[in-house]
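Next come two complexes, and both contain chain A; in the first it sits with chain B, in the second with chain C.
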Partner chain A sequence: MTIEEQVREIVARITRVDKSIITRESTFKDIKADSLDIVQALVAVEETFGIEIPDEEARKFRNFGDFVSYVESRVAQRERV
Partner chain B sequence: MSLEGKVALITGGGRGIGRAIALKLASQGSDIIVNFFRRRETAEQTAKEIRALGVKAEVIRANVGDAAKIDEMFNAIADKFGHLDILINNAASGVGRPVMDIDVQAWEWTMNINVRACLLCAQRAAKLMGGQGGKIVNLSSLGSFLVWPTYAVVGVSKAALEALTRYLAIELAPLKICVNAIAASFVETEALKFYFAQGDSKVNISITPAGRMVTPEDVANVVAFLCSEEAYMIRGQTIIVDGGFSLHGSSLQWKGKDQ
Partner chain C sequence: MMDKNMAQNGKIKVAVDAMGGDYAPEEIVKGAVLASQKDDVEVILVGCVDILKKELAEHKLTNSSSIHIVEAKEVITEDESPVDVIRRKPNCSVAIGAKLVKLGEADALVSAGSTGAAAISAIQFIGMLDGVYRPALVGSLGSFAPNTVMVDLGANVDCKPHQYLTFAICGSVYAKKFLGIDNPKIGLLSTGQEPGKGTEAVREAYSLLKNSGLNFVGYIEGNDILNGKANVIVCDGFVGNVLLKFYESIGGYAKSWTERKLKKYPPLSALVKLLFDRLFPSTKISSETEKRAGGILWGVDGVVRVAHGASRAPQIANAIESAKEAVKANVIESLKIELAKFNQGGKL
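And now, the complex of A and B:
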């Protein structure tokens, strides 16, 4: 499974939506995620990939695609270390 | 009131009320451990301000809603400092929903952070205080006994925290540990914006006898007092810091933004 597929599964599970409706353009608002859903999704992704996603960074995500790109870059960074 | 040579852990100490408490205790000479969860830059900035006061500051990331993360945090504190003198259970979270919309996830998230974490941190802290005595202050809220729109799960968690404060005060007394709580009204922080619409502040001020909102520093001043030897005979109490706001009882007229 790619990073994008894994992140999509986590977000779908926590927000209780079908993963097929989450595209790279989807916003948290589009999938009706509230603040608890968002923080739980961030925590689940952090634990899955062993990375940290501070709110200062998460606030910059415009959509699901930005979220995935950030996770991909952090995972790549971690693997270089 | 001097806290020279003391070590204090403030959960959620990076911003808002926790930050003000961290800076206040640091100004009295205590070394500070700033626990944070979501905002690393903000916590690092607070630590920098603490160090500028001439004391040590350590930043530890941990979601206190996760019992394993609390253990890791205290293991790190034990390694680094070897002991602890002051625990401020300040970190809190919550889900602003009417009672009919509170599901198991929202309940557990809030209770684990606002209550269970305070018990687990107190247990670990009491051991690190090692019989030398110590102070524990829990941050409650007027919502423990007043009813506000969408505040149910947080209000319930704070009522439980106040009860926990009384039990800890008695059972930790033989270890020379003083345990108390503070219940503040609306404090001007970022968290407040989450619950209340703009404009509510004016209503709140108009019915606060003291004539202004409570500031994080107002709360920090009372925390510092409770951490001093002058407060030694105060045990298991919840001190209200609200400028007289709660004396009005039924005069709460504002509307929550979700109502």
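And now, the complex of A and C:
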């Protein structure tokens, strides 16, 4: 499973929406995620991939695609180390 | 089925967020001392050890009192976002209390601090039961409608359609367990009885409830709330909270209005006052709601009891007592069994 698929599954599970409606362009508002959903998703992704997502970085995510790209870059960075 | 901790010493362990509430920690500690005088409860005060030791020293504990302190270095205040409990203050008193429940070191948690922070601690650190998205507050309407409960009373302002179904299941378990109603009638609160009424979420919830297998009687309007048409009235937490507070205020206002009207007839006025005091004491409605598992966050995989922020010692003692009763009544296990039926049917 790719990182994108894993992140999509986590977000879908937490927000209780069908994962097929989450595209890279979807915003959290589009999938009716509230602040608790977002924080829970961040924590679950951090735990799954063993990375940290600082709040200031999370605030820059405009959509699901930005979230996935950030996770991919952090995972790649960790693997290089 | 008794919890393993309970079985060991016969006491139910209740963790109390000693730093949460308008009068914390003084009134919380006082309430804990009161509650701990019963021999079937052990209170774990969670908060700053130095402060709590000082507070406890003010009280003469009886031999049977059982109170311990567990350190929590942080406190979450009312002006902070409850979501901060997860990433910024995971070691605040209410979060530590929730973790004690998760670890099995406490059987229940009581908090008079921010309801949002308590709910989020419960969701994140204890976890929800299968099929439940967010916790709900369930309460009996007591006096005027003794066989009616309402869900949600304020834990969820904006609700997704599937939440109304879990509210109905929680309310149904409450009505069976605490009101002794075998097959509770479920009504969905709306502005009319026709299926097209209500907001988008309410209309979607109507379909889910209609196909749920629950004893769904359709939409309930405001004027049906007290007439027994439904035993469980389902609504979002915004509507439920407004209604609850309005309902709780009726007794007091009805009494003073009647007294004013009968001012010219003192004997009659005195008689009416007596009748109101006997039959409709203004505090009765809320105290009944509080007693029977009111304030429990239903849907959490553990007993979490929230108390009013303005609670004083007697209310804290009462909250500890009702958390203990909820543990004894195995509400979590009952709800798990009921939810499993819906999870197996793919309805949640």
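To be clear about the criterion, the second predicted complex is superposed on the first by the 81 of 81 C-alpha atoms of A that agree within 3 Å, B and C clash if a C-alpha of one lies under 4 Å from a C-alpha of the other, contacts with A are read in each partner's own complex, and residues count from 1 in each chain.
Heads up, the rule we're going with is that a contact is a pair of C-beta atoms (placed from the backbone, for glycine too) under 8 Å apart; a residue touches a chain by one contact, two chains touch by 3 or more.
Fair warning: this is a prediction, and the values are worked out from it, not measured in the lab.
In the overlay built on the shared chain, the residue A:32 is in contact with chain C alone; chain B does not reach it.
Once the two complexes are overlaid on the shared chain, A:44 sits clear of chain B and of chain C alike.
Once the two complexes are laid over each other on the shared chain, residue contacts for A:55 go to chain B and to chain C alike. In the superposition on chain A, the residues of chain A touched by chain B in one structure and by chain C in the other are 34-36, 39-40, 43, 55. Every residue of chain A that touches chain B in the complex is listed here, in rising order: 34-36, 39-40, 43, 52, 54-56. If you check the complex, the residues on chain C that touch chain A are 81, 83, 86-87, 120, 123-124, 133, 158, 160, 162. Every residue of chain B that touches chain A in the complex is listed here, in rising order: 38-42, 61, 63, 93, 95, 105-106, 109, 194.
Within the complex formed with chain C, the chain A residues making contact are 16, 32, 34-36, 39-40, 42-43, 55.
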